[in-house]
Each structure stands twice: as C-alpha cells, then as structure tokens.
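Across the two complexes that follow, chain A remains constant while its partner is chain B and subsequently chain C.
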Partner chain A sequence: MSAIVIEGLGKIYGPVTALDSLDLHVEQGVVFGFLGPNGAGKTTTLRILAGLARPTTGRAWIEGLPVGPGSHARQLVGYLPEEPSFYPWMRAGEFLADLVGRLYGMSRSEAKARADEMLVLVGLEEVDERRIGGFSRGMRQRLGLAQALMNRPQVLLLDEPVSGLDPVGRRDILNLIDELRGEATVFMSTHILSDVERICDTVGILDYGRLIVLDEKENLLRRYAVPVVEVNFDATPETVAHWAESLRELPFVVNIQLDGSTVRITLDGSVQSSVDLQQLVLGSDLLVLGYQHEHPQLEDVFLQLVG
Partner chain B sequence: MQTLLRKELREQWRTHRILVVAAVLSLFGLLGPLSVKYLPLIMARMPGVPEGLAEVMPEPDVAMAVDEYVQNLAGFGVILAILIPMAAVVGEKNSGTAAMILSKPVSRAVFLGSKFITYGLIFFAGILLAGLGGYYYLGILFEWLKPEGFLALNGLLMIYLMMFVAITLFASTVSRSQFAAAGISFSLLIFISLLGTIPSLSPYFPTSLIDWGCALALRLDAEPAWTALAVTVAVTALTWLAAWLILQRQEL
Partner chain C sequence: MNKTWVIVRKDWAEVFKNRFVLFTVAFLPLILTALPLIILYATRSTSDLGGFSSADMPAGFASLCMEMSGGECMQYFIVSQFMLLFMLMPMAIPVTIASYSIVGEKTTRTLEPVLATPVTTFELLAGKALAAAIPAVVVTWLGFAVFAVGARVLSPSPNVAARLLDPLWLIAIFIVGPLLAVAAVSVAVMVSSRANDPRVAEQLSMLVILPLLAAFFGQISGLFFINQTLILWMAAGLVVVDSGLLAFATHIFQRETILTRWK
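Moving on to the complex of A and B:
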C-alpha cells in the first residue's frame, strides 16, 4: 500500500492555479524529495496533506485515510511547516510535553519522556527550560522537527526542513531524516538539491502545479543527467583550444567549454561517445594531467526540466 | 479540550491578562460605592467649587451606589471583553500557531471552545473579585443587600459580558487583523447600545439585563427581562456557532 496517494489534486486561488491535477503515489518507508521552483505548488500540497487547506478538485489519502480538516489521518502525520511558529511565552520542553504530546493523546509521563527524547535528538536538551520567544531561527527549526516527530509519525511532512540552519545543523537534521528511512515515510519539499541528492530515494519535480517527473533518484540521474568529461592538459591554452576546436565537428560532442588548459566536453550520452572521446584524448599528443567523468547532478536534471 | 484549555489558561496567566482583567474589574467594582459615597464630600472640600453645589447634589444612597457599580463593570467590562480576546483567533492564524496546532488531531470546535471557556473563567474571576469587594463596601457604606439579589446582578452582568466575548471571537475569526476585529466588536457594541435606547425595542435588548439586575439587587419591583436574557444567550450561542462554522471553512 502507498503511504501517500494523491489523485487529481487541484487548487485554485482566484486567478492562480497553484495545483493542476496532481497525481502522485509515495511508497511506504521512502524518503521522497518534492522539488520545484518557487510557486510551483509544493507548500500547497503539503498544507492539503496536513489537513490545513482543502483542494479545489481531487482527493488525497495518507495510509488509506482521506486527508482534510478534522481527518483522523492527522494522528499518523507529523508536519513541519516552512516557518514553524510557536507560543513565545512557552518553554521548549513544556511545548512538547504539555501541548504537543497531550494533543496526540499521550499520558503525562509518556509525553514528558518522549519530549525529553526528542529534545536530545534535535540537540535542544540544554535549553528545554528556556522560553521559545528567545530562540534563534535554527533552534525553532529544530524544535519544529521535534514536534513533528513527537507522535512517532508514519508519515512525516517536511516543508523546507533545513532552511535557516547552519551547516552543522543541516547535517544533523539530514542525518536524522536519513535514519528515519524504513521507519516512516518522509515527504520533504526543498530547494536544496544537494540535500535531496544526499538523502532522497524518490524524487518528484513540480512545475506550475503539475508533476513533470516522478522517479527513483538513480533512474532520474540516468535519464536526464548530461554526461560531461573534463580533461586537463599540460599545454598552453592556445594549443588546447586548437585541439578542442577539432572536436566540434564530431556528432557525439554536444558542447565544449574552455578554461585555460582545461576543456569541458559535453557528450550526447551514448556509451560509445565516452570510448571515442577517450581515444581522441590519448591521440592528441598532449600530456594529460587529469581526465574525469563528472558525476551527473540532480541540479542538471532540475535545470533541464524546469530551467 | 483539557490540553488546549490548560494552554489557554497558562497563556492568559503568563501574558498577565488574567491580572489585568481581575485588577480592572475589582478596582472599578470597588470604586462604584466608594465614589458615590465620597464624591460629594470631596467636592464640598475642593477649592473653587461653586458655593451651594454640594447642597444641591442628591444624598448618596444604596441605589445610586449599585447603579454606579453596574455602570463601571458593564462599561469597563465590555472594553475588556473586546480588547482581551480580539487577537485570540486572528493572532494565531497570522503567526502560524493555529496551523501548528490544527495539524494535530484536534478539532476546530475545541480550538475555539477552549478560548471561549478560558475567557469565561477569567471574566468570572474578575467579576467574583469585583463582586466581593463591591458587596463589602456597599454593605459598610450604605446597607447590606440580600446576597442572592446581588449574585443575580453579577450573574446577569457576566452573561452580558460573555456576549461581547463571543462577538469578539467571531470578529477575530472573520477579520484579518486584531484591530479590525476590535473595530467590528465596537461597531456592534454601538449598534446594540443605540437600538437599546429605542423604547419599543429596549425590553428585548441585552442592555435590559443591567436594569433587571439592579432591580434584583435592590429588591425592587421590576418586570423580569427574560426575553432580553434569551436574546443575549442566543446572540452568544449564534455568534460562537458562526465563528466555528467560518473557522471550519478557513484555510490556515
């Protein structure tokens, strides 16, 4: 059974179509990266799944339960909004134990124990008695993740979970999300492609409210990423440029970029093109200092699809 | 319900709103009988007061003191009933805390209901303190009133104020800023007050509760304002219901 099922989901705000017949199935236990440019409809989708907004058309289910305000699906979900908000007069520990835990129906002792566990997990155990009003953005983001995990959710909805975090915080949170793989289904929207590349199994790319691609990350990289070879010669830039010009006419060479004695060659993607290029480099009579097949990046895929 | 009720009460305590309501209502509850008793004496001793003014002022009595007590509590109570809850819903929607809470398994009726009950409790506490102080000073400065009559007066006052709490919660649900919410509530207050001055309509309007309460406290013969009571309770219930229905439809 899919953890998240979205069928024909549409959302219209006045003249703006935020979501246009979105169909999506997310399998249980995966870390799903939901990508798209600003205004593509990522946050709208998450808000509908969290039961905070209603779709104009279509429906969605979480673990087989229909989503919406008042839905029982909320018992199974942890939700971290893009900018998590808290009561500034509350203390972090109190917020998790006395409010969030209790709203999920935990007993007082169970909520307190889980809150303590979560504070340690997100690195806020030292400040559990401090008022949230004095927290930095990064601390609020960590607390936001802690509250989303309080109920041991089957589905975790994360809207830009590492925005506002410093590099260490980002690494910690990404590691934490990574550890949830298999235990919970993580549905995460983000702009940071390297994060998606690092932890997501499956990727969906949204543009103008439409899902334009959905596949496992590795398949996507294979399908869309452009093969690039970077060669560094021990020769003058003029000599390298002269050699590179001789490649332009070849049918498998898509593009050539020069940077001093380094040449960056974009190939058409066929296996033979890499073999042919390798022979051409060796036959150039120039000393090769470096020869590197660049790994395809998700950024290339993203830019190719929505750029 | 209990979790959100505790959170609301804690919020009112930590943000000192409970203290403000209790302090304002008890201060003006006490000032009612005190000012009626001592104002003529103070004026008589003030320099520059025209000669003979003190003599023409009516002799203070318990009816005047009760009236002053009620006018103080009704006037300042309504202002508090508008200012204290004006950000209750709109503030949480704008800050994002409503979305944070309502993404959890909690209904919007409970979200709104816990706020209404909390305001009910803090106004109850405020009127209780005002009532105890006011009753004591009425007793020692004028005469001891029958407790049940005075209790009825304060009960009616509480019902009257809770109508404005419900109206303000409704305004806070439909408006986009707390000031707009306060504006809507003040407009409705003026509208209700103006309609209440029309003799043919006044028996049915919430303002009649105050006159009925005074009559009960002073054990005067007066027509019971059951219709006004029913109208007040109905307005309270309907505005709360409307706020809930609108909140149900709103996106956060």
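Moving on to the complex of A and C:
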C-alpha cells in the first residue's frame, strides 16, 4: 500500500490555480523530495495532506485514510510548516509536553518523556527551560521538527525543513531525516537541490501546480542530466577561445562556456560524442591540465524542466 | 474534553501574563460591585427616603415592592437599577480575553502548530470560549458574594436586603450571567475568527453588550422592570441564542482561512 495517494488534487485561491489535477503515489518508508519553484503549489499540497486545507477538487489519502480537518489521518501525520511559529512565552519542553503531547492524547508522564526524547534528538536538550521567544531561526526549526515527530508519525510532512539553518544544523537535520528512512515515510519540499540529491529516494517536480516529473532520483538523473565536459588548458585564454570556437560547428556540441583557460562543453548525450570530444581535445596541440566528465546534477535536471 | 482543557490551560497561562487583561478582569468587577454598595450606603443615611410611598414609584415597579414601606421601596428601586451591572460583568470581561485569543494567535501565526494536531475545531473553540468565560463568571459570582455581604451590613432594613438577594437576582446572577458570558464569547470568537486586528476584534465584540445596556436604560427610564418572569424568559431565550451562536461560531471558523489570510 502506498503511504500517500493523491488523485486529481486541485486547489484554487480566487483567480490563482495553486494545484491543477495533481496525481501522485508515494511508497511507504521512502524519503520523497518534492521540488518546484516558488508558487508551484508545494505548501498547498502539504497543507492539504496535513488536514489544514481542503482541496477544491480531487482527494488524497494517508495510509489509506482520506485526509481532511476531521480525519483520523491527522493522528498518523507529523507536520513541520515552512516558518514554524511558537508561543514566545513558553519553554521548549513545556510546549512539547504540556501542549503538543497532550493534544495528541498522551498522558502527562508519556508526553513529558516523549518531549525529553525529542529535545535530545533535535539537539535542544540544553535549552529546554529557555523561553522560545529567545530562540534563533535554526532552533525554532529544530523545535518544529521535534513537534512534528512527537506523535511517532507514520508520514512526516516537512515544508522546507532545513531553510534558515546553518551548515552544521542542516547536516544534523538531514542526518536525522536520513535515519527515519524505513521507519516513516518522509515527504519533504525544499529548494536546496543538493539536499534532495543527498537524502531523497524519489523526486517529484511540480510547476504551476502540475507534476511534471516523478521518478526515482537515479532514473531522473539518467533521463534528464546533460553530460558536460570541463577541460582546463595550460594556454592563454585567447588560444583556448580560438580552439573552442572550432567546436561550435560540430553537431554533437550543444553549448560552450569559457572561463579563462577553462572551457565547459555541453554534449548531446550520445556515448560517441564523449569519445569524439576526447580525441578533439588530445588533437588540439594544447597542454591539458585537467579533463573532467562531470556527474549529472539534480540542479541541471531541475533547470532543464522548469528553468 | 481533555484537549479542550489543554487549550484552556494554555490560554490562561498566556492571557494572565498580559497586565491589561488582568486589569480588565480585576478592575471592572471592583467598580461594578462597589457602585450598588455605595448607593446602598448613601441612601441608608438619607432620611428623605422615609417620606416616599409606593405611589411615588413608577407604576410597574410598585407592584414589586409588596410589603415594603415607601422608603424601602425607593431604596430597592434605586439599587436594583445597578444590579443589572452584575450581568454586564460576564459579558464585558470575556470579550477582552476571547477577542484577543484568536486574533492574537493569527497575528503571531502560532495557531498552525496547534491546528496540525488532531484537536477538532469544536475542542479548540470550546477551549478558547471557556478560557474567557470561566474567569468572567467566577469574578462576577465573587463580586456578587461581596455585594451580598455588604447588602446585609449596609441595608437599613432586612426587607431591602432580602429583596436584593431574592431568587430573582440569584437566577439573574447564577444562571443568566453564565448564559450571557457564553453569548459574549461566542460573538467574540466569531468576530476574532474573521478580523485581523485584535483592537478591531475587541471593539466589534463589545457591541454584544448593547442589548444589556438597552435593558439598563430601559429600566431606568421606566419602560419595563426586571422581574422574575422576565428573567426566566431571558434565561430560556439565552439557551436558544447560545446554542445557535456556538453552532454558528464553529461553522464559520475556517482553519484554512486562519492560516492563509492572516496578516
């Protein structure tokens, strides 16, 4: 059974179509990366799945239960909003134990124990007695994640979970999400493609409310990535530019970018093009300091699809 | 009910940190309790009242005096005008708390984590309504208890004290008062669900006390007099009105609008 099923989901805000017939299946236990430019409909999708908004058309299910404000599916979901806000006068431990835990129906002792566990997990155990009003953006983000995990969710919905975090914080949160693989299904939206590349198994790209691609990350990179060769010569920029110009007429060269004595050549993707270029470089009579066949990046795929 | 109580406790912890709210909850009952006691004390020493007879009373009120003397009836008439203020307390106090509770959370965007938990709209609104209504009703009852003791001590005649504490006013304070509080918080919750500014929400919600003020001035001007039948009708009417207001407040509270159209 899929952890998340979305069928024909549409959402219209006045004149704006935020979601347009979105169909999506997310398998249990995967870390799903939900990508898209600003305004593509990512937050709207997450809010509908969290039961905080109603779709204009279509339906969605979490672990087989229909989502909605009154649905039991809300017991199974943990949700981290894009910009989590908290009661500034509350302490972190108090917020998790006395409010969130109790609203999930936990007993007082159970809520306290779970809150302590979550504070350690997100690295806030040292500040559990500090008022949230004094927390940095990164600390609030960690607290938001702790809140989302309080009810041991089967599906974790994360809206930009690492935005606003410093590099160490980002690494810690990504490691944490990575550790959840297999225990919970993680559905995360983000703009940081390197993070998706690092931890996501499956990727969906949304644009103008429509899902334009959905595939496993490796398949996606194979299908859409553009091969790029970067060559660094021991020669003057003028000499390199002159040589590079001679390549422009070749049918398998898609693009050429010059940066001093370095040239980036985008190929058409055929295996023969890489072999042919290698021979052309060796036959250039220039000293080659570096030759790198770049690995395809998710960013290239993203820009190719929505750029 | 447990989740409702969690919301109540959270709201109390929040609103009672606000000195303005504390001032509102404490100051209004002090004034409104002191006013009828001061009048009782002032009329106690006025020998002129002894010259009044029931014939000097407005016709509708004289029938309420029964066996009281003219002076006693006049004293009862004057003080009873201000007894209505005990019904103003459970309306005015919770409006301040309730109108702040939702709009305040909208402006600070703190409702989203709460709404993401399995708390239902009814549990959330009931929590916010009770957090506002309970302190108002408690201070009203405390104020009335102080008044009851003061009336016994300050009233020159046991007849007047007995009439001021008879079932008419006990029903008004202990039954109609809480029903008025429920009506006030329902209106405040409705207004604050839609408004985006706590000050606007409070000002609009305060309009809910207008019918009671109209009753206050209606009685002073002699248009009608509060009697036991009228109070019982008020109680019955408020049960119906409160049910409708609570259902409507829950119906118009839209989680999505709260989250997507806040300022």
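In this section, the second predicted complex is superposed on the first by the 307 of 307 C-alpha atoms of A that agree within 3 Å, B and C clash if a C-alpha of one lies under 4 Å from a C-alpha of the other, contacts with A are read in each partner's own complex, and residues count from 1 in each chain.
Here is the rule we go by: contacts are C-beta pairs under 8 Å (C-beta built on N, C-alpha and C of every residue); 3 or more make two chains touch, one makes a residue touch a chain.
It should be emphasised that the depicted structure is a prediction, and the values quoted were computed from it without experimental measurement.
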- prompt: Does the chain A-based superposition show chain B and chain C clashing or fitting?
  reply: clash
- prompt: Thinking of the overlay built on chain A, is A:Ser284 touched by chain B (first), by chain C (second), by both, or by neither?
  reply: neither
Message: One more residue to check, A:Gln141. First (chain B), second (chain C), both or neither?
response: neither
Query: When the two structures are overlaid on chain A, which partner does A:Arg47 contact: first (chain B), second (chain C), both, or neither?
result: both
Query: If you stack the two complexes on chain A, which partner ends up touching A:Pro69: first (chain B), second (chain C), both, or neither?
result: both
Field: First (chain B), second (chain C), both or neither touched by A:Leu103
entry: both
Message: Quick check on the output: what are the common chain A residues between the chain B footprint and the chain C footprint?
response: 47, 50-54, 69-70, 72, 74-75, 77, 79, 81, 83-87, 89-90, 98-100, 102-105, 147
Residue ranges of chain B in contact with chain A within the complex: 2-4, 6-7, 10-11, 14-15, 95-97, 99-108, 248, 251-252
- prompt: Contact residues on chain C for chain A in the complex?
  reply: 2-3, 6, 9-10, 13-14, 17, 108-110, 112-121, 255-256, 259-260
- prompt: Where on chain A does chain C make contact in their complex?
  reply: 13, 47, 50-54, 69-70, 72, 74-75, 77, 79, 81, 83-90, 98-100, 102-105, 144, 147-148, 151
Residue ranges of chain A touching chain B (in the complex, touch as defined): 47, 50-54, 69-70, 72, 74-75, 77, 79, 81, 83-87, 89-90, 98-100, 102-105, 147
